[in-house]
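Read through the structures below before going on.
Paired with chain B in one complex and with chain C in the other, chain A is shared by the two complexes that follow.
So, the complex of A and B:
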């Protein structure tokens, strides 16, 4: 077989397709969604109900006439006024501020007051919180967690001067967290929270609430340490599901969770064992040796996975000799220079 | 078409077959890869959290190495891709950071100007090779092979980097699978998380999450899964026995690296592509390989 060179004139070159946005153009904008509907058109809205009549479906279907600029909330209000007066849902401000109207529309967390309707919608309550009725969830699990994290500022020293000097740079992450409207979209979207009590991960919404004060340089480090120790923050899988659904567009992972992890690494270093181990290995050897990483993070606990270790060894996926000898890679010199010869601690 | 090629740590250790398959497929496609031998780890998710200065230094250095060759950068790992993209974005938006990183890189005569184009192999296939050229190279269409595309997270989120309102709308892998002759299936796990990044300290999350994704792929009729990320591959493939134990159900789901699926369609054999190096046997794919008799297809 011959390889085709890009300069080969026999091959007509099509205009390139942008691979990283493939699928986005057709239907991935709110404007595109709205444009597909004309006033008077019927929407099919299936709402998950709590009280299901005998033989009925947990999803009750409604036909709703589309009006220009219709939001999910308008559709729910139309249903309550015209078809199901007993439908339970929450809303207050109707303008993306109070955070009470979040629901799942076609499997995605949205604010009902800010999301354009779609021709076919399945509306469900948020996940990961108990349902009180229909679309109304019990937020107390979240509120209790936030309260336990003591999300306020404590001062040991008196104010140095007034107004207290505080730079934009010092507040850049906390200010992002302060945009939170407590709508719980992220809490519903988080896959780790979705696993129930498997870990003690606090979840994105409580961490954002904590970030408002824990990332404030005026806060007492001892108090921040106490709060961070209760977060299980290193169980965040960095999937960015929370960021994807945040109606306030808070970069939750990069501007809240990661800065909080950095604080935890300073104040509660035992929580960041995995991070320090990885850093130490990269600094010494240039690249990650998976065997050494597991041994450093898990210690003797790693032997509990002896069967997998043997499987990996049999397929040549791990190399114990390299691990034991700590063989350096071609990147070791540069990594050592840029990260420093420290035992992983920043 | 030349690229500076950054394989990352995983493709140099637990997923060495990915690196080998990438080189083979690239050469078939006329891609000339200059492997960056002295490039370090990008720091996974750990370094960027606990040591941002170190994170920027290592990642900008990778971009500077590509620039020193005058070449765009090609990656094959989702997390590495997002790391270099994030470091690049921080570099070009913060002159103070840019100056301090360049000062450190100057010790080895490297300099980054902020102009390296960063592309994952998946995007290179769409953007640089292009559909038509790729179709011409498909000598062994994988007719009827049902595949479940598993994107993972860092190639489609965060929205601030990739622009998806809903990452589930990403179709880059399915479109590619169709070009190769496959039948991509729909299932709930496509753009979900494999849990790799907490697996070193608590693998239960990865096993629970990914078990559901593989189960959904199987229920959707997939013969195999394909992923553009070696970290996802490690969980999907190496942890499958633990997933089976957790859900008390056999999965037997072969998982291919993206270049391996492409390679099969380009006429390379499973042995050449080192598909036998995976934990879950992929014998079921033998009948789709170029060497199989046509009657088996």
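So, the complex of A and C:
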């Protein structure tokens, strides 16, 4: 059995759904997405393959019959059982626990066992991790990073007895991070990780793993400090792409990365120089002054990149006169009121 | 082909394997974990929903402690358990297990005032972070403890055969890393099999993708004695749709912080199971629930494949969702929660039986070969029991390692295994793909070795399996003969193990001429304590097998009757 091809006109052509927006329109609720197809209807599934036959396409197309409440993983399993036994994709549990079956479906990171199929699907491997074969990626870059952060508890005081004193309030952020199944959806969606070696940002998934213990009050702050110093956490641009794709619905930015940034600013203040400077400037001037920001963050090192400075000036991005004169906007008073007494902290 | 030397090879990266490795490491004995999936991310341990409170921990009364022991021995194991081992295990769980986990950082769910949240009732349980998902942070912690201890791991690596010394003792493992396609021979003074409770031998099974009864098959080929291979547990309320959610359970267990739990309806909409009313101990009622379902199926009001329903329509949403993940299934499908009752079906779950071990050392009948956790034949279920085995086996190996020989590299065995695996990878017959054969085999088991069994179906299943072995296996076809990430190759290796173990399960099922708990024979409906309160011991003899019966001691609990219709027995 190699090709299943219902190329007759009775197969309906369904309009493609842009995965990046799925679930956001009113007609596209989870309920709608789970009942827009009826069993036996054909899906068109294009899968990115790593070994392309001569004259073939890197995206191999399959027609797959819909089954009730079908998941992306069911479609892949159907293809492996009926059309392409050699298709390589990783999964273990099939129930959103092992976190190994993440792929990109129509441009969005999804957990294959958890996501409803679409009438037309393009399935690709995750980004930001090397592809080994077809949809199977090499997780070791992530695993090595997590191990380097030593995401475990070190106690200052010896452990007493079970149960030790601890409240859920103290654990509320760590508890969110503990829902992580390390599926790498966020890691693939993160634009900063996408910059490659330009930054030393650890990435959202390793930060969530670190957050499990770094946001736990039982951990030694000195231990947390050492780990945070390795994260490049202030390279996070808070774009919320990670939160958007997280199948475990972890508020990655607001409940993990932001609290970790606050901890880093306190424990490793030199990491937060840019944030401190930005906040101070806004508090005093009521606006961002890019010229002052450059001076405060880079100091005299900025002069070493004079061409870039001139280019910024030519484009009107910086205005040395305003910077030197310390020009304020009308919002300065309000900014000082809001940020003033905390202007030293991000 | 690389040869790796270690003190002890641990096959399996779940609760038992990780804890064995951690304890060996503490004893100064060098372990190496060989895991077919990813350590802490595959296997059955991941699925632990909650952790049962043993003994007098967390304010348990004497009655709670007794109930927990009774539950384990009666309802979980139908008396086919070493009760002294169970007692030792209970004491260890109370004194060592929770403190060890908490000290390492596991978060047992508290409320805002700092009380550990428990489920109420005759037996109580707690959760790691959230009920329904406890296995995830639990096993993630183990993974990190293994990394922290610097214990070597070989992941996505399948153990394909045991290596032997000249005297027949086990001295290593041959493996394949199926991501890189590289072979490894691991030479060790002892091998611990910790491959788990589940095997995915039926069309519908819980457990993870990589399971194919490898541990049982390896032990059997090495000549190890097995027992109670017929004692199969079932989930009665996993989602009937979609196919990949066959282990997505509508948990019947008592919920943390609530007096209620899920209920089940038959095809006529009549409630037929609500554990708060229908289970004497109101806890983890899988076998009690199965018996209730069997009665519905016999009355034509449900099928094992579906046609009955489970859900939380008797609960407030907040009651379910404050401390559990139980609503996630409904929410993800966009179904009204908790009003919607989902169609459910049966999936084969844990096997109670397995490798016969000395429960003080976890040694099998073969020198150098040990078993820990679910692959052993001495108990069933619960992540705490599997963990305890990890400790016992480490201590057992620690005591005996001086007497175990450092093996010399068995070159002919290694070469023969390389040839066998190379041949499988180039399978070029005109028959089905290995993955298809696995499904065929599972279908035979589902149809003829399912919940209700009888001699003629079992014999017919043996014939079907013989056909698969003799006619289809030699003609297997692999499309891609490359070495890297070749799941077809892995399937070809798996299916041979599955065939062997399915046959052992069927022979054992034919041998036990009674019904007991989840083991239901239509042709022998009685629970027969006079003749069968005994281990169904399976031994290799020549090219065949023979059975022995070994009665259990009953020092703590006894059934109190000699023979009764199994469906009328409470446990």
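FYI, the second predicted complex is superposed on the first by the 260 of 346 C-alpha atoms of A that agree within 3 Å, B and C clash if a C-alpha of one lies under 4 Å from a C-alpha of the other, contacts with A are read in each partner's own complex, and residues count from 1 in each chain.
The criterion applied here is as follows: a contact is a pair of C-beta atoms (placed from the backbone, for glycine too) under 8 Å apart; a residue touches a chain by one contact, two chains touch by 3 or more.
Just so it is clear, the structure is predicted and the values come from calculations on it, not from any experiment.
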May I ask you to decide whether A:68 touches chain B, chain C, both, or neither, giving the answer as first, second, both or neither? second
Kindly classify A:244 by the partners it touches after superposition: chain B alone (first), chain C alone (second), both, or neither? first
With the two structures laid over each other on chain A, which partner does A:108 touch: chain B (first), chain C (second), both, or neither? first
For A:278, select first, second, both or neither according to whether it touches chain B, chain C, the two together, or no partner. first
Chain touching more of chain A, residue-wise (chain B, chain C): B
Of the two partner chains, chain B (first) and chain C (second), which one does A:339 touch, if any: first, second, both, or neither? first
Using the superposition on chain A described above, determine whether A:221 touches chain B (first), chain C (second), both, or neither. neither
Chain A positions touched by chain B in one structure and by chain C in the second: 29-30
Where on chain A does chain C make contact in their complex? 29-35, 51, 67-71, 73-74, 77, 80-81, 84-86, 88, 91-100, 113-114, 132-134, 136, 147, 150-153, 155, 159, 161-169, 171, 174-175, 178-179, 181-182, 212-213, 216, 218-219
Residue ranges of chain C touching chain A (in the complex, touch as defined): 37-38, 41-42, 46-47, 57-58, 98-99, 102-105, 107-114, 116, 129-130, 133, 135-137, 140, 144-145, 147-148, 179, 208-210, 241-248, 328, 331-335, 433-436, 439, 478-480, 482, 484-488
Give the list of chain B residues in touch with chain A in this complex. 1, 9-10, 12-16, 27-30, 37-41, 43-52, 54, 57-58, 61, 86, 104, 107-108, 120, 122-128, 130-133, 136-137, 139, 153-155, 157-160, 162-172, 175, 192-193, 195-198, 200-205, 208-209, 238-239, 241-242, 266-267, 277-279
Write out the stretch or stretches of chain A touching chain B in their complex. 1, 3-6, 11-14, 16-24, 26-30, 107-108, 191-192, 195, 198-199, 234-241, 243-244, 249, 251, 253-254, 257-258, 261-262, 265, 272-279, 282, 286-290, 293-294, 297-298, 305, 307-308, 311-312, 315-319, 329-331, 333-335, 337-339, 346
